[in-house]
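In what follows, subunit A forms one complex with subunit B and a second complex with subunit C.
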Partner chain A sequence: MNRLTLLMLAISASAFAQDPRQIIEEVQKRTRSNSQRYAGTLEVMGGESRIAIKKWVFERLGSFGQSKAVLRFTAPAEVKGVALLIVNHPDRASDQWMWRPNIGRDQRIALQDRSTRFFGTDFSFEDLEERDVDQFDFKLLGDEGGAWKIESRPRKSSQYTHSIMWVKKDNYTITKVEAYNKNGLARVIDYRDFEQVKGIWTARTTEVFDVGRKSHTILKFDKLEYDLPLKDDEFTVQALRRES
Partner chain B sequence: MILLRLISWPYARKYLLRTLLTTAGIVLGVAVFVGMHTANESVLAAFHQTIDRIAGQTQIQISAGEPGFSEDVLEKVQNVSEVRAASPVIEATVSTDQGNLLILGVDMLGDRSLRTYDLEGADTALDDPLVFLAQPDSLIVTRSFADQRGLRANSQIPMKTMDGERVFTVRGIMKPGGLASAFGGNLAVMDIYAAQKIFGRGRRFDRIDVALQDGVTLEQGIAKLRSAIGPGFQIEPPSSRGQQFEATSRIYALASDITSVFALFIGMFIIYNTFAIAVTQRRAEIGILRALGATRGQIRTLFLTESAITGLVGTLAGVAFGVAMARGMAGYIGGLLEEVYGVSQSGGNIEIAPWLIPAAVAMGLATSLIAAVIPARAAAFVDPVKALQKGSFQSLGEGESGLRRRWAIVCAVLSVIALALTRDTLVFYAGYLLAVLAAVLLAPAMALGLARALRPLLARIRPVEGALAADSLIQGPRRTSGTVAALMLSLALVISLGGLARSSYNSLSEWMRIALNPDLFVTTAESVTARTFVFPASLGEGLRAIDGVGEVQLVRSVRVLVRNTPIMVVATDVGSLARRAKLPPVEGDSEEMYRLTAEGKGVLASENFARLQGVRMGEMLEISAPEGTLKLPVVGIVRDFSDQQGSLLMQREVFVKYWRDDSVNVFRIYLKPGAKEAEVRQRILDAFGSRQRLFVLTNRDLRNYVIRLTDQWFGLTYVQIAVAVLVAVLGIVNALTVSITDRRREIGVLRAVGGTRQQVRHTVWMEAMGVGMIGLILGLALGAIQLYYSVEIARRDLIGIDIGYSYPVQTALALAPVILFAAFLAALGPAESAVRGSLVEALEYE
Partner chain C sequence: MIPLLFTILAQNFEQRGFIDNSTTFYPQTALNDPAQIVNETLFRWEVSYKVTPWLKLSGAVDATTDTHQQVERALRLDFDDRSIQRPAFSLRRYSATLHKGKFTAELGRQFIRWGKADILNPTDRFAPKDYLSNVVDADFLGVIAARVTIESGNNTYDLVWQPWFTPSRTPLLDQRWTVVPAQAQGVTLDDLGARYPGGSQYGARWNHVGSGYEYSFCFFDGFNNLPLFSTTFDAVTNTAGLQRYYPELRLYGADAAVPLRWFTVKGEAAYFSSTTPDTDQYALYVIQLERQVKEWSFVGGYAGEILTRAGNPLEFAPDRGFARSFVGRAGWTIDANRSLAISAAVRAAGSFTRFEYSQTYGQHWRATAALAWIRGDMTDFIGEYRRNSYASLGIRYSF
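Our next item is the complex of A and B:
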């Protein structure tokens, strides 16, 4: 779903071990697919142990900077049909639109608003983007527990100043990400319950911890599929309106 | 200080009632001044406070007048690199079952960068903004609003929307403070796109609030935004809003200043009168002081100090009274602004500007000191030898009288000359002042003349009492003239205000006959001036299809900035309007002006717009609009009462092109011959009333509404009239009180030779009514002159419209019994005082 999630599967390539950019390129290569679909369940745990549960269906066509994605909420009933269209670009931030069926309106998500939380979860709108490796600078920080520790700094506009990723050496899956903004550590993302689907290692569970708000969001993947036939014209604003 | 303690204080204590009454004019003048300015400032402060609290971290607001602008401007703004956050806003006030609400429509995704939403309950709604955004019925209200109306999370609030009545759900409650305290807490937040639907805004925003990146100055930000979105938008800090309110409140302030100055002027006469009489009564005392070595300067200072203390006491009382009045006045002004401009002001606190109290004190003190200058001087020049001689010195010296008359003539002549030079504002107001001064200077001589003329009448009514009363007036000009002058000024004010009201109503009626002649009006609110909601233009076709409907005119009225002043732009099919409701031209050819305007080649300007803005026929106007700068010449000037600031009439297509806004505020409907108004009205309601917000007003409904609005405007005028009458009554009481004291010996002699108590009473009553009659005659005469100047002031500086001169005969006729009765009431107390006095003491007096 988000750019970090899509970098989870990796193939062994010891020749790339010491060059962080090449490590990440390998991570991307191992997770590349023509399309993806899954049904996700979100549990948002906020203050006072409050839990909100939402479900959505996610579809993606293409990979990374050449991809488009539609996320459509399916539950609860109050939010069913609300959708988000993400059109990623290889050289700049994505374009995003939200569709609200009850009002019958689409709405562009401004670049300035990408740092806001995504509909009450601990992901931000920016976290839903996929960016190519060329949009970052990387630095290897060392090894830790059988994983490379790599720092990435976005070259273009981002709410984050840098991130630190842990990439497992054996299968090039990303197991943890710490995202920093100008105020310090902003989010911690853990990936677990890895499973191979059509040869791609995928974490079935992703947990995001918002350091400032002290809240968690757990995303669980279900019915995950890769390389299924999806049409390009299903990833447009007009299609969002039609589908509702 | 010693003199004050030994001489002044015993005198004041002895004549305590008179002293208190003397301050009455100061009290009322200061009270009106303080009350009105406090009310004005409080309403403005509440408005600015609301703006500030709603603005949050907003540094720049982008708007394009009332119509707003298309959504696509937002992307242009967001693409400016200097912009950190840009959030669109719709702001509207609605009536709900729970009271008036200021609705803030915002884009919740980005708005939290600008405004702090401090919600209760762990930020429930915005912890899950998806529900808030997904459900268009979502509202966030303030804690104070919720408490007042017993609302909780998930409570429901019905609201009339453009799609009919809808129920809204409270999905969050804001804690007090910050944004939640704007508009007195009567604020609700909803999603902006839901607000567009509710208010019929289509795809338009009212404004965009912007915060800039760190390090970018306001000037840089404004320049970049101007470059990105082009002309036709106001790009300014939030503090620049509110010009329309300030313009209206300035008019109120000016009108109230005139009233308070008049009241103070009248108060000045009362004080002058009292002190002049006091000097006469205390001549012996003054003579003794002078004989013991007191200098003229000391005597003068003594009286001026007495007057200053009197003025100070009156001022302080006036301030207290004014502050007490301010709350009611603020509510009144706020209500009027809501009615006319459609934006509510909540009750709010009263705020007293720091400059106001010192200014009021200065005014009160200056008035009392000026009033006492002449009596103090007279006291200082009292001859000690003559002062110790017994006798009355009531008669005016011929020299003094002659001097006054000469000065009066000089002032009158200069005033007439000034009339010829009325283009110059300073000369005009100087002429006005000179005219009033001439009347005041002539008042004693005219009062004396009228008293002599009234003597036969009074003697005819009651031979003894009437003659005594008239003789008292004739022989006591000093005592009488001040009161007569005060009464004259008060009644002149009443006549001028009454005349203004009468002229306004006459002019308004004529305008309504011509301009408001459709049979039915379809509006979005019961108040036809409210523009919160708008209709889609397509409704016009539906209305035309109703059986009985002959013609439908679409009207869009919006307030836009023209030459930095919010002006009402009225956009309609001018050709159709010209066939049905052609306004009389003030300048220009009637046929030509309407033809050119209908062709989109010009605009019609209202008379008050032309006058207040100094615009002439043929002059090119430039009006900033979202789609560019509209440049059109003024092809005609018409008499139009649509708006106090002025109005421009333009062809609807021109407006749609430049503002990309084809919505409608009002449909004007003319019926087919034979169609019945009530039936067609019901058909419209049956066809559309259930599925959308819609009101159908008859022609009579609208006229009554306009009259009611005008009554509200003049509501404060009636307060001013009451002030004038009250001051006059107090003046009479004061004069009579002095009179009774002055004539104790005379009254004692009258009773000693057989006069009954009732005869004494009648004498006092008739004297009072004589003063009232003289003041009335002079007041009605001066009122005719005062009315001329008031009409001119209204034309020049207040409303810009020539409402015509119409002497309020009915008001004048009504005033006669009122003043005579007031004079009678004023005489009751002094009359009883006169008959209760000891006969022996009275004969020993002096």
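Our next item is the complex of A and C:
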């Protein structure tokens, strides 16, 4: 490789690095997969003591705005079999149905308020949504500890006024998000225990701290798989009933 | 080798269940029921086994007992829920589900639920209930049926054939959820059981999911699972004999759900006609709004009825009894373990209000305390239960 090529690469990398939108696009590109499955464990902590633990199996088909996902609770025992089907759309809010075995019927759910906490945990439904790059405006705030510090402001309605995220320069992984609402810092989300699965750097542990409630929730991914052969007919309301 | 075999089999086996004990305190005695404390215990175990990717077997068994003779004391295994009392041991579900592509068939005893509304489901005709302990919050009973579901794009077609009738279980005549009119005081009531209809029932439903809306149309031809009563009177012994019978019923129904920016609107309506003499013909409809605000959820609406032909006044029809009411529910998820709910049905002549607090302990235990307040006139379906306000305490171990 000659000096000129090296110089051109350095210039383009530098220019690339200064565009926060391109950085986030690269994050998305590196995490894109056609399907995903994991077993999730959620620990809800009030202060220093654990007050609840929930487990589920999550499956997703498709990616970024056009995906379908099914989440089936496996623990605690009383919610075993409760399932949620999410059909995402690029241009409008997702369609969601919930299956509760005790009533034997699917129920259409509409989340007019995406700040609703996810099954009593410190995650809101919005925190667990896929973030498409076109739904935000970005601003590079600087560098910090080998990571880009990027501010994102939502274009559509959100509980948050803005968020600040840290993206590692070496592997384009998001390691931390601070989410602000009109009252100030609302939630801090930490991503850690990164591991490469099928070439995708994935945080095995996500921890969210609710500043107002002073409680935190830890989400751990187990048995994580990408690009596995899932069928479209496993992501329908009928599939919720069939597999309950 | 054997442990490996068990491991492979266990991967396809799923089970869940609970044991639940609840005690209900009634501050007032009823004219036909002096008991003020009722205790019930229910053990339920549900299992399923995926034999192949296209065949799944499901089963559920109930074992129950109580202090109020609502449960039989006979040692038999029930499979069709036709008894007047609740069986002590019953096969709640036994079915095989076959699935291939867009085609799903379930054969055997199963649960079939239709409708989109949450406060009342007029189109839910394959879903009899057990009203023995409570006419407000009743448990569903399975039906013996064949159900075929075909999915095609955004459309789902549901065809059901039910060859064996399963009735709703009505309150016992000598207990508080059967209200004896004042003019019948002193008359001995004799429960003459039930006449079950022969013949099968069938229904079809088409559901369409559109861009930001969902609707369905359905048809049902069969029998009402809620009974009318025929009466005999013996003046010598001053005894009235009451026998349940189940009129023919034909239903034309529709439902819809439309999520909007501020509310989700859900509606459901059905028109009921019958060829059985002396039966009512009527329409039931529900319109409801629901909304979530942070940890609060709200569902509220109106359930209405339009009577087009009046027939036999001696009937047990809680679905119609709760119509012509404003019905609502508010729920608050306090945290991952605690919740509070208030539900109400209100109209001029009667009201029902229920408060419920529920808390989990660890991974298996849940305690639930409830307080129900019933007010109204004796001429009103809700109001006639005004001596049945209650407090209850339940504890459940789930596994």
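We take it that the second predicted complex is superposed on the first by the 223 of 244 C-alpha atoms of A that agree within 3 Å, B and C clash if a C-alpha of one lies under 4 Å from a C-alpha of the other, contacts with A are read in each partner's own complex, and residues count from 1 in each chain.
By definition in this document, a residue touches a chain if its C-beta (ideal position, glycine included) is under 8 Å from a C-beta of that chain, and two chains touch if they have at least 3 such contacts.
Fair warning: this is a prediction, and the values are worked out from it, not measured in the lab.
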Combined model on subunit A where subunit B meets subunit C, clash or fit: clash
Which of subunit B and subunit C A:Lys54 touches, first, second, both or neither: both
Which of subunit B and subunit C A:Val82 touches, first, second, both or neither: first
Which of subunit B and subunit C A:Arg92 touches, first, second, both or neither: second
Touched partner set for A:Gly46, first subunit B, second subunit C, both or neither: both
Contacts of A:Gln66 with subunit B and subunit C, given as first, second, both or neither: neither
Winner by number of subunit A residues touched, once subunit B and subunit C are compared: C
Which of subunit B and subunit C A:Arg108 touches, first, second, both or neither: both
First, second, both or neither for A:Phe119, with subunit B first and subunit C second: both
Partner chain in contact with A:Thr205 - subunit B first, subunit C second, else both or neither: neither
Overlapping segment of subunit B (options 153-161, 297-305 or 405-413) - the one that collides with subunit C in the superposed model: 153-161
On subunit A, positions contacted by subunit B and by subunit C: 44, 46, 52, 54, 78, 81, 103, 105, 107-108, 110-113, 116-117, 119-120
Subunit A-touching residues of subunit C, taken from the complex the two chains share: 16, 18, 46, 56, 97, 99, 101-102, 104, 111-113, 115-116, 118, 140, 149, 151, 156, 209, 211-212, 214, 257, 259-264, 266, 290-295, 333, 335-337, 360, 363-364, 366, 396, 398-399
Touching residues (chain side subunit A, partner subunit C) in the complex: 44, 46, 51-54, 75-78, 80-81, 92-93, 95, 101, 103-105, 107-108, 110-113, 115-117, 119-121, 215, 233, 236-238, 242
Residues on subunit A engaged by subunit B in the complex (per definition of touch): 44, 46-48, 50, 52, 54, 73, 78-79, 81-82, 98, 100, 102-103, 105, 107-113, 116-117, 119-120
Residues of subunit B that touch subunit A when the two form their complex: 74-75, 78, 83-86, 107, 109-110, 112-113, 122, 126-131, 133-136, 191, 193-194, 197
